[in-house]
Each structure stands twice: as structure tokens, then as C-alpha cells.
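There are structures below to look over.
After this come two complexes, each holding chain A, first together with chain B and then together with chain C.
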Partner chain A sequence: MGRSFAAAGIVLLGGGLFWLSLYSWSPFTITAADAWNGLVHQGSVGGNMAYIVAQLRVPRALCAALVGACLGLAGALMQGITRNRLASPSLFGVTAGAALGLALFSTGLVALPFAGGALLMTCLGGALAWITVFSLGGAWSPTTAQGRLVLAGVAVAALCAALTRLTVILVEAQAQSVLNWLAGSLANVGAAQVQLLWPCTLIGGLWALWCAPRLNLINLGEDAARSLGVGIASLRLQVFIASLLLVGASVCAVGPIGFVGLIAPNILRQFLGNDYRWLIPLSAALGAVIVLGADLLSRAVAFPVETPAGVVTALIGAPFFLFLARRAL
Partner chain B sequence: MSILHARQLDIGYGTTRIVQGLSFAPPTGKVTALIGPNGCGKSTLLKAFARILKPTQGELTLDGQAYASLSARELARQIAFLPQVLPVPEGVSVRQLVAYGRSPHNSLWGRLSGSDQSHVTQAMQRLELDLLADRALADLSGGQRQRAWLAMVLAQNAPVVLLDEPTTYLDISHQVELMDLMGELAAEGKTVITVLHDINQACRYADHLVVMHGGKLVADGAPGAVISAELMRQVFDVQVQVMQEPVAGTPMCLVEKSTRGTDQPL
Partner chain C sequence: MTRPPLRLWLLLGLLLLATLISLSAGTVWLTPDTVLDRLLAHDALDFEVWNHRLPRSLIAILAGAAFGLAGAIVQGVIRNPLASPEILGVTQGAGLALTVAIISWPHLPIVWLPLVACLGGAGGALLLALYNTGVSFSGVRFALSGVAIAVTLSSVTEFLILSHPLDINTALLALTGSLWSRNWHHVALVLPFLVLIPVGLCLAKPLNLIALGDEAAHSLGTPLSRTRWLAMACAVLLTSLGVGVIGPIGFIGLVAPHMARRLVGGHHQCLLPAAMLIGALLLVLADTLGRTLIAPSEIPAGVLTAVIGAPYFLWLLARFKG
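Moving on, here comes the complex of A and B:
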């Protein structure tokens, strides 16, 4: 089966990149043996380098994989529910909205003094952007041109980015750290981010899978889907919540990383067709591959200085978007 | 006897009312054709039956149960609907499309059981799609695509079948086959309701005609009892001679001229 081969290939590639990212392009000299000790024995054997691997490299690689999975899943969900191949968290302004939410939180302008406040603020920011873009873009009207949603998304993303900068300027004390985070970097992640990401990825991923068969029917048009037993309003709400959780968690952990949700499902469509029962899980896997690869590249391009991974995905993603837009619009 | 009942339906978009005060119960085991001029509300009525549109007033019941009390899946097991405008979904093969017709019946993951498979195969055979089964929908002609959608509706195997202008894109022999197929479905005890534009085709193949004009039901009954030169002039603004169709003995309208603009409004 071609699909099973594709699935196995993507998972193998992901595993390979994960392994590579444990010891490659590090400012320290880390060997494969150190990486093995760090990964398997949590650094209890093998000295300092293995300890570094266990404390820094493993969480970083895990974060990259989980963030990629989140974004790939969210992209596939959004493309499914809008029947628009250009749909993705970054192009629809959801990532930028989430980033604004978190900037407001981390600069202290909006104080939510309880655990999970940061995640809640990112999700709220994303939700606000989503609602604005979908109503401006006429997402649920059958006659709307595909490009209108993208235009609304780009406009809202620009507005959110401007507001985020304004927030950072107003609160100078933390400006530098927030600015670093805004570029979407995996340089400073640790166990805390993994702790935040894995439950959100798991819940969002299972929820997305649960929606997959109904997204297949949405692909036939909303009237046909309805007459095949799909409750459209409930599905839209579920996709909305699941996508926000996925995007919110990824932005909360590493900042906005663009284009992954656009690229992953669209590459898979070329090989797998439009069956969301395959597209959803494999978009998670390919998203993980893309972010792991982008993180590796981000360390390699100007070694030993790190470029944010978000810059790398944008460098690859923007031309990819233009290519897709030429065909889809 | 009817499984579907519409009572005093008002249906509209926004503030415009398209269907007004319509009561109607399509007979079970018969083919009912909805006819009427453009914009008279036939498609709107069909969409309300399919629960795509919610009536602003009135009541719709299926087997004595109010529509509102049925879940989307429950309704989909009872009512199959073919929309008038069909998108061309990318990356979907004919077999996949037909299999989607089974989704109200199978597990939520969409895995096909043995009986689902046989419904799919039969539906494809009945619409002569065997050779096209693995082709992508996007690569087919309009008529072939229409047949694939019809097979999907057939695979759904619902006791009520609603078809909005199903003969669009079909060549004449496939139109005849489709009309015969509707008759077979009705003979199996299904309630078939279809919007048709060709009055003579409707008279020849439908057991029951519903004539709509300006959102209202103006006549309802067997073709022979409904069609008259007077009705055709009032509803369609055409002057016709009503004759007996030589093959089936049903009414047949021969158009003499349009009377639009010369006529008193109804």
C-alpha cells in the first residue's frame, strides 16, 4: 500500500531527524554515544555531555516534534472545515492572534494569576483572530471566493503583529525576551514546555482524528455533508476548539512558527488524495518532520549562532504559499 | 399514505419569504415531481425536506416525529438528498464518493462492513459506474459525475429520496434510465421526490405532480388530473395544447407560444 509506505517513510524520517538533532550542530562537541546515554539513561551515565543532551537536547527535539505535530494537525483541520487549501493557522491570523494574547500576558498588561493563564490567553487571542477573520472573510458563505479569507487573515495577522509590537514597546522591561520569543525559536525550551505541549497535542490530535471522517464529507460540500448526517455547526465548533488548543499550545511553548500547517497537509495531498483519516495523522507526523528539520537548519546556517526556527519555516513556506496560491486562487 | 408531512410551511432567507403556507404530504411508494417556473420555491421546499433549510413557520414530520427531535445521523438514515449544485471534490474517486453514501449507517470511523460494501457495489452497477470506479471525480465528464453522485444517494438506501434536478448534464438515454430508476425505487416502497424542469418528462414518469407558483402550491395530484392548458398558461405563461402522449397515454404539452406580458397576473 502506497499510503502505509508513505506513513512509514515519514515516521522514519522524523525519527532520524530527532536522533540527529540530539548531537548535531551543538556549540559543544557531543558524540552519538553521549546522545544515546542522554536519551536512554537521562544523562545518569556518560558525564557532562550526556547530561546536556538529557537536559537540553531531548526536550528541545521533543518540543520541535510536538510543535510541528500541533501545527500540522491544526492546518489539516482548518483546511478541512473551510474546504480551502490555503487555510492554515498563520495565514488566517490565528498564530498572530495567539502571539498577541501571550504578549499581553507575559508583559503583565493582562494579569491572570493562575496556572494555565498563559495558555488561556494565547487561546483567547487565537479565538478572537479566528472569529474576526472568519466573519470578515465570509468563511461559511458558499459563494465567497477562496482568496477573501486569506486576505482577511493577512490583514488581521498584520494588525495583531502591530499590536504585539506596541505591547512590547510599552513594557520595556521584558522587551528583549519577548522579542526573541516572537521570532519563533526553540533555543530556550526545556522540560516545562514539553509538559505543556504533550497533553495538548494528545487531546487535540485525538480530537482531530475523531473529526476526520466528517471532514471527508464536508469536502463534498455542506449540503451533501448535512444530508449524510454531519452536524455542521457542532463540527465547526469542535474544529475551532481543537485547532485553538493546538495552535495555542505551540505558540505558548515556542512562539509563532509559520507555514507548517500550510505545507504539511498540502504535500501529503499530492500523494494520499483527500482522505482526512490519513491526512490528519500524517500531517502531524510531517509537521513534526518539518519543524525538526527547520530547527536543525536553524542551527546549521550560521553555526555556531542560532537563527530562529520560525525564520527557516518562513523562508521555505512563503515560496510554497505563492506556488499554491497560483494554483488555488 | 405518507411518511413525510409538511404543514403550513413558511420558508425564507432573511426577510424574504420564498415558500408560504405550504401543506403537502408526498405519497409513499410513488415518484413525486415538483414543477413550477424559476424561483417558485421548488428547490427551497426540497431543501427544507432535507433539513438544509429550517422553515420559519410550520411543521415538518418524518414518520410522525418532528424534524427537530431527530439527530443529523438519524435523519440521514431516513432521507437521502442530491443537491442541485454539486462541487467537484478534489482527490476523491468514484468508489470513495459512493462509499461516503454509507456514512450515516457505518461506524463513526467510516469503515465499511460487508453489507456496506454490497450496497456500494450495487449502487455503482445500477448507474453503470463499474469501469469508472477508480477514476478521480475531477477527471470525469459532467454526466458521469452526476451518475456518481446519484450512486452515492442510492448507496445511502434511505426510504425517502430527494433529487434536485437530477437529469442536469445527463444525455437522453441516461435521463430515461434515471427516470426508470426512480420508478424502481418507488416500487421498492421508497418516497421519491424530484425537481424536474421538463414538464412532459414529469408527466410521463412521475406518479404525482406538485405544481408550485410564487411559493405556493397551486395543484397537486396525478399528471392527468393536474395538467391543463389553463394551468400551463397561469403558472408558466405559455399557451399549450395538451395532448395524449402516444406511448404512455400521459398528458403531453405542445407549446404554441409564450404569453408572458400579455397575461393577467394570477
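Moving on, here comes the complex of A and C:
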């Protein structure tokens, strides 16, 4: 009962935020009627404002929801496989690694002349960061303190951030635009980003759902899971690939947006317990709610100037991390 | 006991050499002879060496030494090899205070910035102390809580910077962690180091005793809590002042004491000066590389220290048991 209520609540909230973000805090005055025309008739009825909604607002809101879903899923997967409540793409340096990959690609230092090159580079960057963090942080050894992985992750993130800045400085020096991008902004997304995101979210999401029952078993302890027939190594590999795809796609579309993967699963745990069959789909939904909300806030705080959404999620997420770090240890 | 002092002299020699290189290197390369001639002449019209490169090098030496010394003091007091000012929230606290000051009072004279930074740095350290009261102490936990506070403070800083795009350039200049455009006015701001650094060096003896363990130190007559407060205050001031003048430079306070320990051992009378010299050496080299690699544009020194320092930290973490 409680679970269904939680699910319904999150979906309603997400729908409400989606609708609000179609017409709120826009430099032009857009009415709810314009938003309706833009959403339902793709802007063919209702004039310029409805056209703006159809061309800019709808893709933007979709993008926010998809990115949030990707990050929420990746966070839940990582927390499941490491049994570490602080696990998340940003604290493990995966987001920063992916951003470095994208910076190398978009500045032309690494040229991959085929479609999907950007996605490949973000996934590679994320994979490198992940492997470094897990091998140096002693991820799979049963005796290590949980905080160690996060320390390794933060150091890798600092390294990747410095390398990203270095790349950017070497190629161009336009502080404002690059800073906005590095902070994860939804200001310039369009249909192309939605095209990139939805297949990745779908594949990653289904894959994560398929892993969920085995993550529940891992939660009992690795020995118990092994004796119940879970192939630990194969599960780790699957989680690794699925979360890389999810994080890579989100970074590729809008830049690094931090802490969503940390917040969403941990809030849900309070209500749902540790059942990953519920935790994974609802993390996706709550992640979408968080990014939609952050995007709305990012337009509202310094209206009409936009603050990148990634900064807003960090502003909410970092104190949350502070709170969790005290409880988790 | 003869070898460590010898190595200290060697480090000093290296630092002088690095400074000489940093004075000759740049968009226009000068021979060491020319540099020495111009230094001796100290002509106020000599733009390159006297007005541009010398103040930069002086600031780099003093600030690097301060970061290294602060790191060694913090690691000595906390007895934790993963501790350093930038993961205690001091650096980020100072950065946040600077951002707030620059955004709220755009015409604040630069003389005030180090003071503001010191307040912020002390605030960050107090936050960490409050956060860790009432839980039992462990190395990784302490480092993790420091990281959490650092991340929180820097997220607020980033939010402020990006939501005030009009003031962004001034704030960025102060927060990049670079020696770009620092001149003789800034040298005046780092002069308090000349008092703080000797105070820090005087802590060597009590730090040696603290290294023996709390009980041993207490029974040997060290006033433990007073020493700790004095040492931490000293480290906070050293770091924040540096951040106030050249912005946050990561990883020097972490890496320099470790290198120093490998070179001269754990005896603080040698360790503290060695950490200072290595810190200064690292920052001078980072600054020189930063302005020669892609001259005439510059790579901020903070970026280069992170590129060197972060892998070193990872290596430490991989070896650290506990």
C-alpha cells in the first residue's frame, strides 16, 4: 500500500513539475493555454508562444526528466552493487570522468569521426574514472572502510576536473559559456538531446530492472548471494556497463549534474526499505522530479538570468551528503 | 643527524635554482646573467623582471611555503596522513567568504581580502570541528567529513558565482588559484607570513611530543589542548591568507609534508622546514610551467598542482591502511 502511494505521489509530482516547467519563468510571457497548445498540437495552433513551447520547452522538460531518470537509476545501481549508501556517480568521480571525456571530444583533441563518438568518449572517461576509483579505493575487499571509496572518488573527480579545465584552457578561453556547461546546464538542449537520451534511458532502465532481484540478494552479503546462485562477477560487469551508459548519456546531453544519484535512492530508502525491485524504478522517477525541480529553480533564482541546473542540484545535494556521511559511518 | 640538514640545504639550493629559472622563463626568455644584472640594478622601469616576475616569484615562494607548513602542522596535530587544509574545509571556507565579499561589496579594496579569507577559513574549520564532536575518531571518517564540508562550501561558492554572472570575472580572478597579475601590492599582503611562519616553526617541539601519543605528550608536560588550538589556528591562518592572495591552490598542503617525510624523516624540527621548502618549490615550478607551456596565455597554477597532487593522493590512499 505504502509503496503504491509513494509511487503515485512521485509520478504526480513529476507530472506537475513537467507542466509547470513548460510555461513558468520564461523571459516571454507564456500562458498555460499556450503550453497546452504547444504540448498537444506541437505548436501548430496558438501562434508564436505555443511554437516556442513545442520547440524549446517540451524538449527541455523531457531532457530534464530523462537526465534525472538516468542519474537516479545509476545511483541506485551503484549503491546496490557496492552496498555503500554514499555510492553515486558524482561522489565516485564517474560524472567528472565522463565530463573529461566529453571535453576532450568537443574540443577536438580526440577526434572520433563517427556518430556517437561523443557518447563513446563520455562512457570511456566514466569507465576510466570508475576503474581507478574502485581499484585504489579497495572496492571489493570486505574489510575496507566505506568512506575510502568516496575519498578515492573525490580525488579522481578533482583530477578529472583539473584536466578538464586544462583541456578547455588549452583550446579556448571563454569563461562564461564553458563554466555554464561544466556546471551542467539545461539551457541549450533541444530535440537532438532527447533523441540521444531516450534510447539510452530505456536500455539502461530495463537492464537495471533486470538486475534488481540479484541486487536484493547481494544486499544479504556476497557469500549468501553467491550460494544462492548469483554470478557476482557477471552482475558487477552488467551494473558497470549499464550505469556507464546511463551516466555517459546524461553527461553527453547536458553536462555533469551532480548528486541526483545520491539523493534519490537514499530518500526512497526511508520509505521503501532496501527492496531494489521498487527502489530502482522509483529512483528513476524521483531523479526526474529532482532534475525538473532543479531546472525550475535554476530559472527562478536569478530570473531572467539562468543559473545552471547542476549548481542547484549540488546546492541541495552537498548538505544531503554531509548529513548522510555522518549517519553512514 | 647530519643527513637531514644536508638535505634541507639541498632543497634550499633547488628552490633558489627554480626561482632563477622562473625569473628567466616566460613569453620572453632571458639568460640567467641578464636576470641577475637586472635584479642588482633593480630599475623601476624594468617591467619584466622587477615589476612582473619577481613579485610573482616572491608570492609563490611565500604562499607555497605557507601551504606546505600548514599541511605539515595539520598532519602533525591530527596524526592523520590524509589530513590537509584543503580537506578540512579551510580552503573552501576562505573561497566562499571571498566570493561573498566580492559579490556584496564590489569595490572592496584588496587589502581586506586576506582578512575576509581568514574569517572564512576559520569558519570552515569550526564547522568541521562541530560536525565531528560526539563521534569517535577515525582517520577515514575524519577525512570524509572534511570532504563533505568542503564539497558543501564549494557548491555554495559555485552557486553564487554562476548566479551573479556580472561579477563573475572579479570573483574568478580571485578564485582561480593563479598568480596571474599579482604584483608588489600583493607582496605587501603576504608579509604577515613572515610572522606566522616562524610561529609555525616554533611548534616543532610540541608536535614531536604529540606524535608520541596523547598520554605520553601529556605526561611530558605538553599543554595538549592549548597546543592543538594554537597549531590549528596557525595552520588556518597560513592557509587562508594564502587563499586570500592567490586563490585556492589544491594539494600542496597534502603532498608537500609527505614528500618531506620521505626525505628527512618524521622529526618536526626538520620536517616543518622541509615541507615549507617543498611547498615553495612546487608552487614556483607550477607557476613557471603554467606560464611557459602555452605562452603567451597561462594555465592557472592551481590546475597544475591538482594534476600532480591528485594522483599522489590516490597513491597514498591505496597504501593507507585504516
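Assume the second predicted complex is superposed on the first by the 322 of 329 C-alpha atoms of A that agree within 3 Å, B and C clash if a C-alpha of one lies under 4 Å from a C-alpha of the other, contacts with A are read in each partner's own complex, and residues count from 1 in each chain.
Note that in this section a contact is a pair of C-beta atoms (placed from the backbone, for glycine too) under 8 Å apart; a residue touches a chain by one contact, two chains touch by 3 or more.
Computed from a predicted model, the values in this text were never measured in an experiment.
Once chain A of one complex is fitted onto chain A of the other, the partner contacts of A:G231 are limited to chain B, with no touch recorded for chain C. Legend: residue contacts after superposition of the two complexes on their common chain; A:R277 is shown touching chain B, with no touch to chain C. Contact with neither chain B nor chain C is seen for A:I203 once the two complexes are overlaid on the shared chain. Look at A:G221: by the touch rule set out above, it reaches chain B but stays clear of chain C. More residues of chain A lie in contact with C than with the other chain of the pair chain B and chain C.
Shared-chain residue A:P213: touches chain B; no touch with chain C. By the touch criterion stated above, A:R269 is placed in contact with chain B alone, chain C being left untouched. On chain A, the patch touched by chain B and the patch touched by chain C do not overlap at any residue. Interface residues of chain A, counted against chain C in their complex, comprise 132, 136-138, 145, 147-148, 150-152, 154-156, 158-159, 161-163, 165-166, 169-170, 173, 175-176, 179-180, 183, 301-302, 305, 307-308, 311-312, 314-315, 317-319, 321-322, 325-326, 329.
Of all residues in chain B, only 47, 50-52, 71-77, 79-81, 83, 85-87, 89-93, 96-97, 100-101, 103-104, 108-110, 149, 156 touch chain A in the complex they form.
Within the complex formed with chain B, the residues of chain A that make contact are 83, 210, 213, 216-217, 219-221, 223-224, 226-231, 269, 273-275, 277.
For chain C in complex with chain A, the touching residues are 82, 131, 135, 138, 140-141, 143-145, 147-149, 151-152, 155-156, 158-159, 161-165, 168-169, 172, 250-251, 294, 297, 299-300, 302-304, 306-307, 310-311, 313-315, 317-318, 322.
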